[in-house]
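Down below are the structures I want you to see.
You will see two complexes here that share chain A, one where it goes with chain B and one where it goes with chain C.
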Partner chain A sequence: MATYTLISSNVLASSAASVTFSAIPATYTDLVLRVSARGDNTSLLLEMTLNSATSTYSNTLLLGDGATASSTRNTGQAYLRAGYVNPSGSTASTFSSGEIYIPNYTSTTDKPMSSLGMTENNATTAYIANYANLWQTSSAITSISLQVTGQNFVTGSSFYLYGISNA
Partner chain B sequence: MADTPTKVVVNCTTGVTEVLPLTAQEIADMETARVAAEDQKAAAEAAAVVVAAAKESANAKLTALGLTAEEIAALSK
Partner chain C sequence: MATTYDKIQSTTLASAAASITFSSIPATYTDLRVVLTGTVNGDTAYMTFNSDTSALYSRTWMTGDGSGAYSGGGTNENNIRLAGLFTSLINTVPALITVDVFSYTGSTFKTCLTTLSVDKNGSGETAREVGLYRSTAAITTLTLNAGVSTYTTGTTATLYGILKA
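Up next is the complex of A and B:
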């Protein structure tokens, strides 16, 4: 039976351009990162880098905006796409919700992972972005960094990293 | 003058959380990414306007040819 253990968390007391979980212990089988966030500008994209690497990422996106559905494929990326967050124009005091699931993060083979991010907006369009991600590497994952393209996470954005045993 | 942007680093082994100022290079990279994202958004919005105008024009021409609204809608299904 899978057991979830909270490794670390952070709820921003002031705005920050990025949040990094470093020195992640290699004692679990999988990692789960829960994110509730909002940016201070117009961009939606939650970017994720692993071990500070800036290459060999790729992804496929399934995106819904309440009216249409679309799909996009990106290869040779400098970062993973980990979902969407609320931009500054969304309803006041609302935050996105999302989850990134990283199986076998200590393995010596390529790292497929999934991520899901949903914006909340009580006035106009909201999004659900579901990514199938791949990082081509033989390295175990020891750090995870998150940022929103060219902007800050606002105060109150929260990040919870869980380790899963016996997944 | 605006405060220097910061980054948060959580050490999962020690439990220590640090709030660090971004370097000049990181600030420059962040600004470059912000401008690129806004340009991309503006381009997407402009493209959407062009598509909407083309759709409206096409519907008007089909209507002028005598198609009903139901027949026009059926073309895109």
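Up next is the complex of A and C:
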């Protein structure tokens, strides 16, 4: 069995308010979601929900903006903060780079994960956002939805979901 | 021929253990990657290569704990730490640790990148660390050591090989 397998991908041919991967098979050990995206408004935050759930998410953030580093935390959230995307004011044709790693996504224990999002654009302030994420649930993850607060992903934004097996 | 991203070895602990060792690592890949998900019932976690505990390791790290961002480092150390702030590991909430070891069979010194992601809904840490092992020997053994602590039952560690050829 291949170890690192593309499960599904979505390269947007037109703008979209959200992107969802559903019916994720339980045949892998870990999931990796690679995102290159841009929004059509000013928000930076990439929001992620799992299994359409809107509770028991939390995160710890380490953020760098090219000048300073800072760290913040959110608890009791309705969504996971899964990185940053380039906003509309970024240099034309620049998209974010990011990766979300979800280990043991079928386990019956709480789900730790990591996410990384970067918005380099050779002009305005760029960010590198490192998140430690937690979803408190015993449910296996079967769907992943992504959106940017109050705006759309623009055409050309790409999303690739991979499964990794240690079997 | 090996494929691009292969599982080499995987361990899920049936009982608590002070260390997890991957030995007899084949030289057929370009890079190595370790993914560990689990908890430590103490506050330490280290990594060594080839069972070598001489002062050949150094590291530079940055971390955030929800209230501040920190960076530090160390030289001539006996291992590579797997976390920026050790206290973040103590919990029943599992942590995610990854280790990437680059050109592990090369005849130059070995660099690695480690990450720690552990959020505990009110505490936790997200850390990145670059490590250096000043040895020209190929890496054939990789040990994840919990120091004076243990990795708890159910902790899973998997070693993958990544091939460029």
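One rule holds in what follows: the second predicted complex is superposed on the first by the 164 of 167 C-alpha atoms of A that agree within 3 Å, B and C clash if a C-alpha of one lies under 4 Å from a C-alpha of the other, contacts with A are read in each partner's own complex, and residues count from 1 in each chain.
Here, contacts are C-beta pairs under 8 Å (C-beta built on N, C-alpha and C of every residue); 3 or more make two chains touch, one makes a residue touch a chain.
This one's a predicted model, so the numbers in the text were calculated from it and none came from an experiment.
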Given the touch rule stated above, what does A:18 touch, chain B (first), chain C (second), both, or neither? first
Please determine whether it is chain B or chain C that touches the greater number of chain A residues. C
Scan A:85 for contacts with chain B and chain C and give back first, second, both or neither. neither
A:45 contacts which: chain B (first), chain C (second), both, neither? first
In the superposed arrangement, which partner chain does A:7 touch: chain B (first), chain C (second), both, or neither? first
Would you check which partner chain A:154 touches, where first means chain B only, second means chain C only, and both and neither mean what they say? neither
Report for A:31: first if it touches chain B alone, second if chain C alone, otherwise both or neither. neither
Would you tell me which residues of chain B are touching chain A in their complex? 5-15, 17, 19, 22, 26, 30-38, 41
Once bound in the complex, which stretches of chain C touch chain A? 3-7, 10, 35, 37, 62-69, 71, 93-96, 98, 115-128, 154, 156, 158, 160
In the complex, go through chain A and note every residue touching chain B. 7-10, 12, 14-25, 41-43, 45, 149-152, 159, 161
Chain C-facing residues of chain A, complex: 2-4, 29-30, 56, 58-64, 69-73, 75-76, 101, 103-104, 109-110, 112-114, 130-134, 136, 164-167
